[in-house]
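Have a look at the structure below, then the notes.
To keep things simple, chains are lettered A, B, C and D as they appear, and every chain counts its residues starting from 1.
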Amino acid sequence: MAASAAQVCLELRQNKKFFGDRTILRGISFCLEVGEILGLIGPNGAGKTTLFNIISGWQKPAAGSVIFLGQETNTWPPERLSRAGLARTFQSPQIFPEMCALENVLMGAWLRQEHPPLPEAQEEAAYCLSLVGLMDKGQTPVRELPLPQQRLVELARALATRPRLLLLDEIAAGFSQAALNRLAAGLLKLRDQGLTLLLTDHLFTLLEAVTDRVLALDHGEIIAQGPPADLIRHPEVISAYLGTRYCSNANNGGA
Amino acid sequence: MGKINSSQLAAAAGVLLLAVWPLIFRNQVQFHQVLGMTCLYAILALAWNIYALSGAISLGHTAFFGLGAYASALLNHHYHWSPLCTMPLGALAAVVFAVFWSLGFRRLRGVYLGLASLAAVEIPKTIVDNWDQLTYGSMGIVGLDRLPTLTIGGVEMDFGLNVTAQYYLLLGIMLLALLLHWKCIRSRWGWTLRVIRENETAAAALGIDSNRERAKALMLSSYLAGIAGALYAHIMGLVEPALVFNLHLSVLPLVFSIFGGSTMVFGPVLGALILYPLEQLFLMPLFPMGHSALYGLVIILTIFFFPKGIAAWLPAPPKSV
Amino acid sequence: MWVGTPVIFTGLSLGSFYALIALGFSLILGIARAFNLAHGEMILLSGYLAFVLWHYFQVPFVFILLICSLVLVWVTIPLNYLLRRLPEPYGLNTLIVTLGLALLLQNLFLAWFSADYRLMTPAWPMVNVPWLNFSFPLHQGVLIVLALLVTGAVHLLLQGTFLGKALRATIQDREAAQMAGINVQRLSLAAFGLGGLLIGLAGPLFAQNMYLYPAAGVEATMIAIVVTIFAGLGRIRNILLGGWLLGLTQSATIFALGSRWRELVSAVLLLLLLYFRPQGFSLKKEG
Amino acid sequence: MKPNISLAGVWLRKIACLLALFILGTTLPLAAAEKIRLGEIDPLSGHLAKPGQEIHQGILYAVEEANARGGVAGRPVELISRDDQSKPEVAVNQAQDLIFRQKVTGLVGGYVDSLVGPISQQAARNRVPYVASASLQQSIAGNKNPYFFRVSRLEGVVEPLCRFLTQTLKTRRVAILHAATPGSSEFSDSVQAHLRQAGSEVVLEDKFRPGSPDFSVFLLKLPPARVEALISGGFYADNLILVRQLRERPLGLKAFIAPWGVAYQSFIDEVGPASEGLFGACAWDPGITRPGTEKASQAFVAGFRKKFRKEPNTTTMHGYTSARALLAAIEQVLQGAGQLTGEAVSRALAHLDLQLPMERLAFDAHGDPRYYQQVIVQIQKQRLVVVYPPERARGRVDFSLAAR
C-alpha cells in the first residue's frame, strides 16, 4: 500500500457532482502516476473544468474521493492543496493585473510555503519566466499582454511554486503552431524533472505531442481512454465531438 | 541598504519638517492643536488602509474607534487605571470585535462587505447606548483622566494639557503606525495582502488563505483604530455613543486614504495632512458657513484629476519588491 | 381589535416607505455599479421642490409626484455623465465623489432653504376597516399602495421589455452582459434615468412622512443602504420584501422590546441574512 | 510620462505658493487695537444647524445692537463666528484658533453639552471667559471653573414641568420618551426622580435615536398602560413626527408635554391644527416676557424682525442673553478703567446682575444662572398661552383640548 502510494500521484474514486438537478460528473475514477502526463478531452460541457475544480479544491465532490499523494483531500480548500504541491492554471487566466509579468511570477516563488529569501525567489522567478519564453516581457504590466501570453505568465507562476502536480486548463488556446511546439518541448522537459501533469485541451494537437495517456470525457463519464493516437480514432470519442445525436446513437449502440 | 533614493529622502524631509515646525512656530498653539488632531486622524486612516490593502473596503471602522474609546474610558472610570495602561488594553476590545467580524463576514466581498460593515456598527453602538449600569448609556462618560505627564530625558511633557507636547505624542504614535503601514506594504506579508487585493482566486492558487490573511490585517487595523479611539477619549476627556460611533468616523479615513493614495506608504498620512488642516485652518475661518461645500468640491476635483491620490505626485519608489 | 393589527399595518407602511426611498439607490448601484452617497440629498432636492410646489403654488399631491419625478431625471442623468468620466476603481471613486457632492448639496440647501425644518402636511382622512374593527390614516395606506404599484411597474419593465432584460442581465453579471454585446454605458444611462424618476418620487413622500432640513439626507441614504443590503442586489421585488421585513421587524421590536432596541434588532437580523445568504435573501445559490 | 510629472511639479509649486500666501495672510496679527473681539462657536451646519443658526442670530443681534449704540464703552465690537459641526474636537480646534490667533476677549455660543464642555475647558486653560448659550447638564458646571458661565440649566426646565404635572394636571401615570442624547437622557432621569418624589408613577420609559421616522407603535403601548401624560424629551424634529402620529389615534391622554421644540410659533405653523392643546416649555417668546421687561422685549422683537425678516424665539433669546451678559461684563471692566483681561471680565461676570427679557441674570459660584426658570405653555387657538406658574399664567389649562 505504502509503495503504491509513493507511485500514485493522484487518484479519483467514483467522483460525482451535481448542479441543481443536472448531473455534471457521474462516477469518475482514474489514477495518475508520478511523472505521468495525462490528457483530458471532451466536448464543451463534458465536465472537464468541473473535474479540475474538484481535484484542485474549488468545488467539492458530491460523492467519491480524491486522493492526492496518499491523502484524501475532498474537503481541502484550494490554498491547502496548493501548499501540498498542487498547482493549476485557469481557463480564463487568473493574474495580478496591476503587477508586471515578472512580479506575477515572483509572487509564486516568494510567497510559497518555504518562504525563500527574496534574492533567491527573484532568481527563480526569472528562471521560470524564461522557461515559458517571456523573459523580454518581464517588465510589461501583465494586463497589457495578449491572452495567450497571460496564460504563459500564469503557467510560469504555477511552476514557481514548485508543484508536484500541475493541472493545465486549456493552456494552449490561441497559440500559434510555433508557440505550441515550444510549449510541448517545455512540458516534456518538466516531466523529466519529476513533475506530474494533467492537462485539458480543446484541440488535440498539444495532447498528441506530450501525453502518455488520454481520458475522453462526455456527459460526466469517461467514455474511453488510451494513448492519444488510439483515442483519436475511437468511435465514441468521434461521436461525442460530432454532436449529441450521434452521441446518443453511439451510446445505444454501445449498450 | 546604503543607497538613499529620492523617495526616502522626501520621506525623511517630511518627517523632519513635522518634527521641527512647532519649535519654529512656538506660539501658534492652534496649529499644534490642529496638526495633533491631524495625526490622530492619520492614525485612523492608516488603520483603515491596512485592511484596505487586502482589498476590503470597510465602512465600519468607527466600531473599532468607538470600542477602543469606550473600553479605555470604562477601565479608567471604574478602576481608575492610568490612560497609559487603559489605552493599549482598551484597544483590545476592538480586536475582539474584529474577530467576530472576520468570522461573520468570511463570505462577503466588495460592496456587500462594505454594506455589512456599515450595519455591524449598530451592534456595539446600541449595546453601549443601552447598557446604562456599565456605560451610563446615552449620557456618556465625562471627566475622564487626561493623558498623563511624563518626564522623558529630564524634560517634563504634559501630554494632557500642553498642546505642543500632545502634538509630539500623537506624531510619535502616528509615525509608529506609519512604520507599521510601511511594513504592511513592503514586506512578504504586504505582498500577500496585495496579491489578495488584486486577485483572490490566483492568491488561493498560490496557497494563500485569503480569509486568514485578511483577518490578520483586520486585527492589526482594528487595534490601531482602537488606539486612535482611546486617544480621542482621553484627549477630549469624554465619550458618548453618538460621538465615537459615528458614520463620519468611518468615512473620514476612507476619504483621507483614497485622497492621499491608498496603495502608497504615505498616502493616508498625506491625505490627512492636507485635508484636515485645509478644512480646520483655512476653510472654516474664512467661510464659516460654506466651508463644507468647498471641502466637498476639493474632494470631487481631486478624484477627477488625481485618481491615484496625491501621493502619486511623490517621487516613485524604485521598481523592486 | 387584535393588538397586532396596527403593529403589522404600521410595519408594512413603514417598510413601503423604506422601499420607496431605496429603489433608486438600489437600481443605480445594481446596474451602474455607482455607489451614490448623495442619494439622500437628491431625495431632499426633490422634497424641497415638492414643498415649494405644495406650499406656494398649492399643486395637488399627484401632480407634485409627477413633476418631481420628471425634474429629478434631469439631475441624475448629468450625474451619470459626470461619474462616467471617473477612472477605476469605479465603485469606490463614485462613493467618494458623491460624498463630496452630498456635502456640496447640503450646503446649498442651507443657503437656499435655511436650517429650518419643513414638512408637507396635506390633510389625509382616517380610513375605517369595519370587519377588522381597525382604522388607519390614509397616507399610510397610500404608501403601501404606491410601493406596490411602483415596484410592480419597475418589475414589469424589467421582465417584459428588451431594455429590462438587458438591465437584469447586467445586474446579474456585468462582464457576461458586456461580452454578450450589451452596451453597458447606455444601460448605465437608463439606470440613472430610471433611478432619477424613483428618487423624484421618493422626495415628496419623504417631505410628507419625515421632514426636510439640510442634513436630513444622511438618514435617507442610510435607509436606502440598509434596505439594499436586506434585499441584495438582485430582483426589484426583493426591495419591497426587504423594506417590509425591515419595517415589520422594527415595529415588532418597538412593540415587544422598546424603541431603544430598534437599531440593534434590525442590524442583527441583517447580519444574519448576510451570513446565511451573502448574495441577498432570495437569489438562488450559485454553484 | 515625463511632461506629466513636470506639469504636476509646476502645479505643486503654484499650490505651495498659494498656501504660503494663505498662511501669511491668516497669521499676520490683525491690526485693530480698538476693536473688542468676541468669538462664537456654534453648530452652523449639520444636524444641529437650526438651533445653532438661531443662537447665532441672537448673538449677532446683540453685538450689532451694542455697535449701534456706539459700541461698548465707545469701542466697536467684532463678532467672529465659527462652526463646530457638532464635533467636540472641531469645537476645540476653533476655540484654540479664536483664542490664540484671533485673540478674542471672550467666547459665547455653544449648543449641546458635549461641545460646551470641551470649549469651557479651553476657556479655563487659557483664561478666557466663556458664556454658554444653551447648556443643561449638571456635570459641566460641577467642576470649579471661574471662566465658565451659562444662561440656562436643567433644573430651570425640570422643576416647573414636574410641579405643573403634579400640582395642576394631577397626573399619576406618566410615560417618558426621550432621545438618545446626553441632554435628553439626563432630562429624563431628572424628571423621573422628581416625579417619583411627588408620588407619580412613571409607567413607561423609552428612548429613540434622533431621526426616527415612526413613533406610532410606541404610542400603541400607551392606552394599555393607562398613561395619563406623555413627556417627550425629543427635539423639534422628533416632536414634529410624534405629534402628527399622536393625533392619528385616540390615546386617552390628558396631556402631552415637550420642553423642546413645541413652544415655537414655527412649530405651530408647521404642524397646524394638530398642535392644539399641546404643552411645551420656554424661557421667552415674543408674547411671553418676564414682567417688567416688556419694553425691552418689544424693542428686541421689532429690531430682530427688521434685521432677519423672521420671528425670534426662545433659542434666539438664549443666544442674545448670553451675548448681552458678556458685553455687559466687558463694559463694566472698561468703565471701571480696568485692563480688559480674561480675569477681569470673569470677575465682572460673576458679579453681574442684569434685568433681561428672558431672565434676571446673575450667576452662582458654579457659573449657573440663579434665576433661570422656564414657564409652561399650552397651544390654544394656535397661540402660546402661559398656564404655569400661576404668577405668570395668562390663561387656564384647557383640558378639553388636551384630551382630544
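The working rule: a contact is a pair of C-beta atoms (placed from the backbone, for glycine too) under 8 Å apart; a residue touches a chain by one contact, two chains touch by 3 or more.
The structure presented is a predicted model; accordingly, all values stated were derived computationally and were not measured.
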**Complete:** Note: chains that touch chain A and chain C both are B
**Message:** When I count C-beta pairs in contact, which pair ends up with more: B-C or C-D?
**Reply:** B-C
**Request:** Considering only mean CA positions as chain centres, point out the chain farthest from chain D.
**Result:** A
**Between chain C and chain B, distance of the C-alpha-averaged centres to the nearest whole Å** = 32
**Message:** Centroid of chain A to centroid of chain D, CA atoms only: how many Å?
**Reply:** 73
**Request:** Measure off the straight-line distance from the CA centroid of chain C to the CA centroid of chain D, and report it in whole Å.
**Result:** 35
**Item:** Centroid distance [mean C-alpha coordinates] between chain B and chain A, Å
**Value:** 45
**Per-residue overlap in chain A, given as positions that touch at least 2 other chains** = none
**Request:** Would you give the residues of chain B that are in contact with at least 2 other chains, written as numbers and ranges?
**Result:** 129, 289, 292
**Request:** For chain C, write out the residues touching at least two other chains, lowest number first.
**Result:** 106-107, 110, 260, 263
**Prompt:** Within the complex, which stretch of chain C touches chain D?
**Reply:** 3, 6-7, 10-11, 14, 17, 106-107, 110, 114-119, 121, 126, 135, 137, 209-211, 213-216, 219, 250-251, 254-255, 258-260, 262-263
**Prompt:** In their shared complex, at which residues does chain D touch chain B?
**Reply:** 8, 12, 22, 26-27, 44-45, 81-83, 85, 87-90, 92-94, 96-97, 99-101, 114, 117-118, 121, 125, 137, 139-140, 143, 179-182, 184-186, 189, 207
**Request:** Quick one: which bits of chain B touch chain D in the complex? Just the residue numbers, please.
**Result:** 27-30, 33-34, 37, 129, 137-140, 142-143, 161, 163, 232, 235-238, 240-243, 248, 280-282, 284-286, 288-289, 291-292, 313
**Message:** Give the list of chain A residues in touch with chain B in this complex.
**Reply:** 56, 77-80, 82-83, 87-88, 90, 94-99, 103, 106-108, 110-113, 115, 118, 122, 139, 154, 157-158, 161
**Asked** Taking the complex as given, what residues does chain B use to touch chain A?
**Response** 188, 191-192, 194-195, 198-199, 201-210, 319, 321
